[in-house]
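Should a chain be cited, it is by its letter among A, B, C and D, assigned in written order, with residues numbered from 1 in that chain.
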């Protein structure tokens, strides 16, 4: 059965050298990614006890928890402030709009370490943001708020961009009709535009959250402590080598994957 | 003149509390990004001599050169293998296509440090890729090829995704017509599809290159040496603190920006 | 009454220039024009979705130029229906009342009555994506009527429907209009639809209202060549008035002279329009009341179902029924006579 | 000659089921059908852009079912032209010859001749985005004709054009067809266009060719109700054959009986089609050759420019010219007589 399929594919391909050549080229990148990650998982399967002990190690679990909770807080902040911004960018035309869009996308384009340096500069005790917050007792450097700030900075473009594209797919004429039916701009947003853009906004939140969890460089600079998961994995690697850092890596990836799947499923369940 | 504009905007906004509220929310994120980076540049303006001496420092310049050249090599490899893959993903339907697309996007979603651990695992001397290459004298760990491999892994999704979307915008009926006019599949690709998708492919290359230059985590793990720019900046930060690392940061960002602008301009010049 | 005064608005590639229009209360007014004339933009301005760059809009004696759409009591139906995709048919129809916070049982009763009226009760729990074009359009019309608006704005409401559904909805709209005192403004690019529906028609081209009048006025006496071309006047002759006798103008069209009625003075350069259905074809020169009799040859005979289109050697086009064409036994290259009344010639200055 | 045998293909929501079709060499064949009937897919299969799931396509005696498009010598013109946006008009037209590596000066001469033929020489250095619809379509037609294909496939070539441009291009296509021995297959959803252009018509619905024949055959004797509805037969009566006298069938339609010619046996349940233009209206019962005379009332009079549509109380619809309507001085609710010949009634089993 399986061989038959391959045989058929081969027959088609012989007819089609063009496609064959392209498939061959394309195969390289897919194989690269697949082998690299597959190898990591495959080797760990040879050492399940290490994985189990990592899953029981409270320092590793704490680090993962810090990553996940900080990413969640940062995604929430991005949601609250990013959704209105995305709506305005999708609907309104104004001077310097492309400048605003450019500024929002800077964190994607800038080297992460440079972003970390810049964040450290403003969030340190004497920094332009760090100083006033310090007075009310909020410290960023080597503290949880610093992790959140770094994650927010690096991940906010993902939410804003995705939500903006979502709002753009909502036909503005639906808003027109809603208003002609007596709904104010705010009611129209709440009852028509937001619900219809929700799948995209939700996707944006997931992307934003995932980018937050994966952030290493900026977090490393602004908040080495409390150790978030990527920092912990890097520490394990430099101190004890590959075999010690691999179980934690796999644990982090797996937990993220499970959260992903749950979120996606809940989203599909919610749709008719 | 300027005040007049602001006045008019304010008048409009008073009418429109909904928009005002949204603008206010959206302003927060824009300000966050703007202040963070603006602060870095602003502070450096107070210390121009440090910037000049960084620009003369051969270790910093070498690090930037390593970053730029490694990113260029990795973007070139991604281009050669990614464009055919993107074309197939845009045009053909086949079993497991979404699996292939998922695999290609993994590097975006996975924590960067974990990617670095996985890359180290396959590219180290005893690794599944490192071992055979080692026999022909190519070493990855703490070497230039390792930097390229890490950059390629982290940045290839950007090229493949952007090029795929570019190919999708080329109407397949143009290809049909071209073939009915006697052109083979390959000629059609060369004369119709590729030129029409070129702007997107070019964008993809820029994104891929920029992502390569900015990569820190994976490079840090697989190739601490030779020091690429982000590693160098991090080193300067940990050893000498913020004021020492800032000039190098600004230098890196500025050089990248100049290259960007040149590339964009050449692209616009080429268009009619 | 809706009064539009010197309305101007630029939006994307559209540009409304100095629109002036008065529409009576209870009128069925059709705005007829080619695509990209700015028809939809004009409707959207009346509904308040945009603010004009200049000019005023008055509805029933109030200047509503800057009033928000939610306060105008204007119903709006878009060409592709613009139904809320996340609501059922019933929820779409009830939206306006829910916004108004009307009690639930009253909403229920009213939406039921509306769905019954339109015959879409069986669709109440369906989502828009599962509806046919006609069903969607009925839902959209029902939704816009629920708040009893003074004015209903229809943007190409029937263009996307097949012929049969279109005919049904035309009847439905006429019925709704006749049974209430609602003012309807209906935008279309379809001449036939305009003829069927309108009390009065406004021709809109390139952002301007170029002519308003009753259906007969528009189609029989288009104000200029551009309008004539658009409303489908096939025969446009170019010439000048060479003489005037007893109010009758003699128009020299080069190859021959034709008689027409016109107030223009001798020497005026004119266009003469003759509708193809006003041209009578006969095999022999007949003594008729028609003043204009020309001899010519048949160049082409095209059967268009009900009617036959006959293209003549002198450039004119005539329509006749299949019956008469068969009775006359017309053949290509045959010599025939065409005649038309002086009153069938419509003269405009060029 | 193009022969299509048992052709099947599924693609997205389209599904061609068992298509059989023979098109003669040099024929102008129109495939007429509603949107989403699979018409474009059928053309694309003939051009070789897709491989059929089953069945065969033969062109001029060769089985081309699996031949690649570049080896079929078939010209293709899409509805929205599909011009190469990065080439000028001249470059578009020359594309096929350049691929063939013809010497440059020969290419130049031939493309010049083609542009002259189509009257688009003045556009040679323009890019497609700057062209009007008609100019684009001429370029697309020119491009497809440059390689002298045996077959030209036209996918709704005139649908996106305004009336005047359409008429011009219809003439152009007819001219090209008459002056060469090219076989043209032209897909459209527009009945009038089919009537004007076709030597023969194939009606396509839901992935099947349901009827083929000459224009008159299709429009006068549709094979079933679905086709009648689509080609615009307005009068469809339901009844059964109650008696047969001398080959004449008497059809009981409930309210009355009509005479028709039919081979079906007594008792057959039938649909009777009568085209509105075959119904004659008169104020008094007349002695005519028409066997069917019914008394009825006028329900509605709708002016459609050249023709007047009269809806009658017995459900029938009649067309007449503006002239005759005026001469008869018809009024709503007036009692009148309608008559139609036995040969005007087309009977099909239901």
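We adopt the following convention: contacts are C-beta pairs under 8 Å (C-beta built on N, C-alpha and C of every residue); 3 or more make two chains touch, one makes a residue touch a chain.
Protein names from UniProt, one per chain: A, B = Molybdate/tungstate transport system permease protein; C, D = Molybdate/tungstate import ATP-binding protein WtpC.
Keep in mind it's a predicted model, so treat the numbers as computed, not measured.
Novice: So what's the Cα centroid distance for chain C and chain D, whole Å?
Specialist: That pair's centroid distance is 27 Å.
Novice: Mind checking the centre-to-centre distance between chain B and chain D? Centres are C-alpha means, answer in whole Å.
Specialist: 54
Novice: Taking each chain's centre as its mean C-alpha position, how far apart are chain A and chain B in Å?
Specialist: Computed from C-alpha means, the inter-chain centre distance equals 16 Å.
Novice: What are the residue numbers in chain D that touch two or more other chains?
Specialist: Residue numbers touching two or more other chains: none in chain D.
Novice: Using the touch rule from the top of the page, what residues of chain A touch 2 or more other chains?
Specialist: Residues 184 of chain A each touch two or more of the other chains.
Novice: Chain adjacency by touch: line, ring, star, complete or other shape?
Specialist: Looks like a ring, each chain touching just two neighbours.
Novice: Per the touch rule above, enumerate the chain pairs that touch, sorted by label.
Specialist: Between chains, contact exists in these pairs: A-B, A-C, B-D, C-D.
Novice: Over in the complex, which chain A residues touch chain B? Could you list them?
Specialist: 16, 18-19, 21-23, 25-30, 32-37, 39-40, 43, 78, 80-89, 92, 95, 100, 103-104, 106-107, 109-122, 124, 127-129, 152-153, 156, 160, 184-186, 189, 210, 213-217, 220-221, 229-231, 233-234, 237, 242, 245-246, 249, 252-253, 256
Novice: Hey, which residues of chain A end up touching chain C in the complex?
Specialist: Residues of chain A touching chain C: 171, 173-174, 176-184, 187, 191-192, 195-196, 272.
Novice: Where on chain C does chain D make contact in their complex?
Specialist: Per the stated touch rule, the residues are 34, 162-164, 191-192, 195-196, 215, 219, 229, 232, 275-278, 280, 302-307, 319-324.
Novice: Could you pull out which chain D residues touch chain B in their complex?
Specialist: 44, 47-49, 68-70, 72, 74-76, 78, 82, 84-86, 95-96, 99-100, 127, 143-144, 146-147
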